[in-house]
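Look for chain A in each of the two complexes below; its partner is chain B in the first and chain C in the second.
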Partner chain A sequence: MDLVLSFLTSVIRQTVPILYVALGVLVIQTSGILEMASEGKMLLSCFITAIVAFYTGSAWIGLIVGTLATGIIGVIYIWLIQEFHLNQIIVGLSFNTLALGITSLLFRQKYAAVMEMNPILPTFEFRPAGFSIPVYVAFLMVPLLSLFLKRTTPGLKIRSVGENPRAVESIGLSVKRVRYMSGFLGSLLIGIGGAFFVLGVSGIFAENMTSGRGYIAMTAVSFGKFTPIGTLASVVLFGTGDALQYRLQAAGNIIPHQFAQMVPYLMTVIALVVFAKNPNSPSSLGKPYYKSR
Partner chain B sequence: MLIELTGESALDTYKVLFEGAFIGKNNLSETLIKSSILLLTGLSYAFVAKVGLINIGAEGQLYIGAACSAAVGIYGTFLPGALHLIAALLAGFVGGMIWGGIVGFFKERFGANEIITSLMMNYIAILVVSYLVHEPMKDMSQTYPYSYRVATSAQLPRILTGTRLHAGLFVALLCLFFYWIYYRYTSSGYRMRVIGQNRLNAEYAGYNVRKNMFAAMAIGGGFAGLGGALEILGVQFRLFDNFSSGYGFDGIFAAILANLHPLGMILTSVVFGGLRNGGLMIQVKTNVSSTLTSVVQSLVIILVLMRIFDRLPIWGKKHSNQSLRKRSSD
Partner chain C sequence: MKTKINITIIALLALILTIVPLAGCNNNASEPDETTTVVTETDAPEPTSDLIGEGLKAAMLLPGPISDIGYNGPAYEGLLRIESELAYEISYAESVDPADYENVLRTYAQEGYNLIFAHGNQFLETVTIVAEEFPDTWFAVTSAFTTNEKNISGMNLSSHDVGFLSGALMAQMPDVDKIGMVSGAEIPPLVMIYDGLRAGAAYINPEVEIANVYTDARADMAACKEAAVALLDSGSDILSTTAGTGAPGVISAAADAGKYFVGNSSDWSSVDPETVLNSVITDWGSAVVNTATLYAKGELQPIPYMNGIVEGAVYFLEYGEHALEVIPEEVLSRMDTIIEDIKAGKIIIADEVAALPEE
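Up next is the complex of A and B:
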């Protein structure tokens, strides 16, 4: 019984960061931007959060600063895409490399030596029923986001921009402004995901610590048919894989740990293969938008 | 600017970077060694990009290719002389081909998004190699997880005495030549280009789009695998964890910067190889870590993508805004 319970706890802990990131990706993708940069944003958020939390000694300040910073980075990223009409896949990839480079460089150069003396970062102290607040908020976000996208005016705007930007423009709304908004909101969510990952799950910062979780979150969104509920379902599935991986590694010699580590990636590939046909993605996804003259 | 942040003089650091990259016989040949691998991983992107797919799995293909060629290099000692080397190189190509082919197969049969599958296959490949060097291929006389040494008969011959520059450079150039000829002068290359430019047209013309996509993925993967073979047979001689450190991605960026043009790719590969080599030199001579180069590199790429340079007076006329717009809305 204890084993089951501790496994479930670890599933939830692994699920939460990916869930935040996936919901963030969902918000951004719904407005028609192909969000390849979630990996880099998550890593940057991990880094900023770790530094701030380390120096202030407070997990909450770290979380807030990391989240806001990621939101701002998200806006800059959307600006790059919108104003220069870049190829969203390639710019996303190079953004991720840039994020990896900057975090590794600064970490090695400035913080690694300091942090090694006291590597454990502050965590969230207040834990009703065993989980910290961000965990509950994550699961609460799912119905809230569902309501936001379906029932509120800004949510509707985001969805319609994703489906048909021209039509939105023809009724006098600014496509760009809506995308800035969704980019900011989504990046905030990604930021929380990164912050929680470093403070609530790993407890230390390491180079390239996200190792593909941003991409997995991105897969979870399309796997979940671009709805918050579906995203939750697929993220829980991936989280289970992730938790299983740690369990297998801890179990030791049954199978080599490298194969255990493959589980999340294999699951992603399988998910893509099995549910490849995906009619539900926003129709303008990834297409650069040119304002009509 | 970033360097000043770390407390070293920026100008000095860049000077070390440049000298480490291009000055002197030794540095230059180290740069060329790295460039030839970047050229191959770049080709794996370019070859696939021509049919309109995006292969970012070069890193994984390189790992698997390296593993296969190392296996042949270590255990294929019964093969005589040059045949051993050729077999080892071929094994690298085939290994990459299989890894790229899997992605191609998923795309062709199930329509799975090749961007994410190829990316995920990278992580899987790195773990496969890690497993191989920890368990079955581990050299027991070594403390660290290294594979056995590749037999001398399978090592690429040195072409410049006193340096590590090896014949892999010619292999890379040969592949580039093939890429150029193939897309420019052969009918199957033409078909692939048509598919890349307009899938619907190609379907009307009766081309087998899916088969061609699969083939391109496999061949592209093969190039990256060959890159891995060069690293193992020419430089490292042993397989170990994380030996590549991002050759796959850097090659892709080199190809993108060159706009998939063969000659341009030589230039960008050499520049990126130089950055890579100079970055190592920086790490040795100053306190700045070599990750600096990946920062510089990705900044350059984003700037180029932003077409900042087009706005400078020298390049400005080449792409007018109008033609740009046409290209992106296709």
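Up next is the complex of A and C:
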């Protein structure tokens, strides 16, 4: 029983940060913006959160500041795409490179030496039933986001902008404003993901610490067919694969470690084969929008 | 008018987007010319003893900045030591770009440097070419297991020794029946540390079990922590890792479970002094000093040298305050005996590794 519990804990620990980021990506992608910058945003959030938490000594202040900062960064990202009609893939990728460069540079130049003395960051102390608050909130976000996108006015606006921006424009709504809103909301979620990753999971900041988790989150969204439930399922699938392969290896020489390391990839391939039909992506995803004159 | 401003803004942003990442990622991007040019130390400190290097000139090429902790920094310290202890005249080039390897090597050789250190296996190919042209110059290449058998020496640290020391300490800790190892990747130096660890543990107690988990080469702290938790769940009583930057994750998993950790390559105690018992240091500086001493004596051979416990290049740090409280007295004294036996040639680690059962 202990082993099962520990296995589940391991899955949850790996799932929660990616789940936040994936839900954030989902909100942004639903509005028709191709969100390629989740890796960079997550890393920036990790960095800002780590610095703030280190100097204030409070995980919560770190989380709030890191999250808000990521939200603002998200608005800047949408601004670049909307006002200049830049190629969304290129902006996203340069954003990620920029984030890696800036965080590494600042960390090396200003903080590495100071934080080396006491590298363990403050964490979330209040843990009802073993998990900190952000863990529960993450799973609660899934039905809430489902409701938000399907049943509320702002949610419907976001979806219709993603499907047909012209139609939204024709009834007198501002496409840009809706996308700014979804960019801000989505980036807030990505920000929480980064903040929780550095404070709740890793406990230490390191250069390039996200190492591809932002991209995994992006994949999880398309894998989950652009629904919150599907996204949750694919994130959990990835997390389970990893937790399982480490346990298979640790259990001894039952199977060669190369086979154990294959497990996450194998699970992904099988799931792709089974569920790959109907990608269900928003119709205007990634297409630049020009307001009609 | 508006389009003009927009174009200006885009151009500015493009400029920032290209410059800033470069500055962050590449160690020498800010002033590429300055860092790759040859820096000669002029104000040599007063030599202290054994000035066998008097009149000799040694240079060093480093792939990264001399300020790092684990790899380039220690080698540079070694260069400073051969200046102060052996009276070599020294010079170095840090963060050398692959495109400049040949140029920098040739410049040093032409300027009459007698012994040129190239700190990294990546230099070997270029060194082999340049060494042909300068038969009177001697080259020492780090992590080179083959040489041209004329004027190139390999300068290696013994990974088996690193593993052996940590394995011997871990197997002696009270209530340890199973050792958990988080291996960085399945590459020779890391596999050798793991084999050494098995040999060290088996030397103490052949009954001790060892569980190993391979993460992949890009594994980070969070991934290593999961691997460590899996090891602890499977019954491991003490942990070690070769995952480099992922080590803090392993330490944090050990700390959460109230278990201990033995590190290697650099001093990990600052992460959590209550969990880290000690770290086996791989001292590139001593390897540099050993090589330069042999050269000055005219005894340097064109073979791959292995620097280990005997050569003083692999050793445990001083035990910390907390470690001294939790490690039993007899374990400490037995570790001292083991290290003395290795130095006296009573324990041959290579033989211990060879005697291991197939895994």
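List of remarks:
Basically, the second predicted complex is superposed on the first by the 256 of 293 C-alpha atoms of A that agree within 3 Å, B and C clash if a C-alpha of one lies under 4 Å from a C-alpha of the other, contacts with A are read in each partner's own complex, and residues count from 1 in each chain.
The criterion applied here is as follows: a contact is a pair of C-beta atoms (placed from the backbone, for glycine too) under 8 Å apart; a residue touches a chain by one contact, two chains touch by 3 or more.
Treat the numbers as computed from the prediction; the structure is a model and nothing was measured.
In the superposition on chain A, A:Ala167 makes contact with neither chain B nor chain C.
In the superposition on chain A, A:Ile204 contacts chain C only, with no contact to chain B.
When both complexes are overlaid on chain A, the residue A:Leu144 reaches neither chain B nor chain C. When the two structures are aligned on the shared chain, A:Arg247 is found in touch with chain C, with no touch to chain B.
In the overlay built on the shared chain, the residue A:Leu8 is in contact with neither chain B nor chain C. Contacts of A:Gln261 after superposition: both chain B and chain C are touched. When the two complexes are overlaid on their common chain A, residue A:Gly101 makes contact with chain B and with chain C alike. By the touch criterion stated above, A:Ile76 is placed in contact with neither chain B nor chain C. The intersection of chain A residues touching chain B with those touching chain C, taken from the two complexes, comprises 80, 84, 86, 94, 97-98, 100-102, 104-105, 211-212, 261.
Residue ranges of chain B in contact with chain A, taken from their complex: 2, 5-6, 54, 56, 106, 110-113, 115-117, 119-121, 123-124, 127-128, 130-131, 134-135, 246, 249, 252-253, 256, 287-289, 291-292, 294-295, 297-299, 301-302, 305-307, 324-325, 328-329. Within the complex formed with chain C, the residues of chain A that make contact are 2-3, 6-7, 10, 13-14, 80, 83-84, 86, 94, 97-98, 100-105, 116-117, 119-120, 197, 201-204, 206, 208-209, 211-212, 242-243, 246-247, 249-253, 257, 261. Residues of chain C that touch chain A in their complex: 6, 9-10, 13, 16-17, 20-25, 180, 186, 211-216, 218, 220-223, 225-227, 229-231, 233-234, 236, 245, 248-249, 252, 270-272, 359.
Of all residues in chain A, those touching chain B in their complex are 36, 80, 84-87, 89-91, 93-95, 97-98, 100-102, 104-106, 108-110, 211-212, 215, 218-219, 222, 256, 258-259, 261-262, 265-266, 268-269, 272-274, 276-277, 288, 290.
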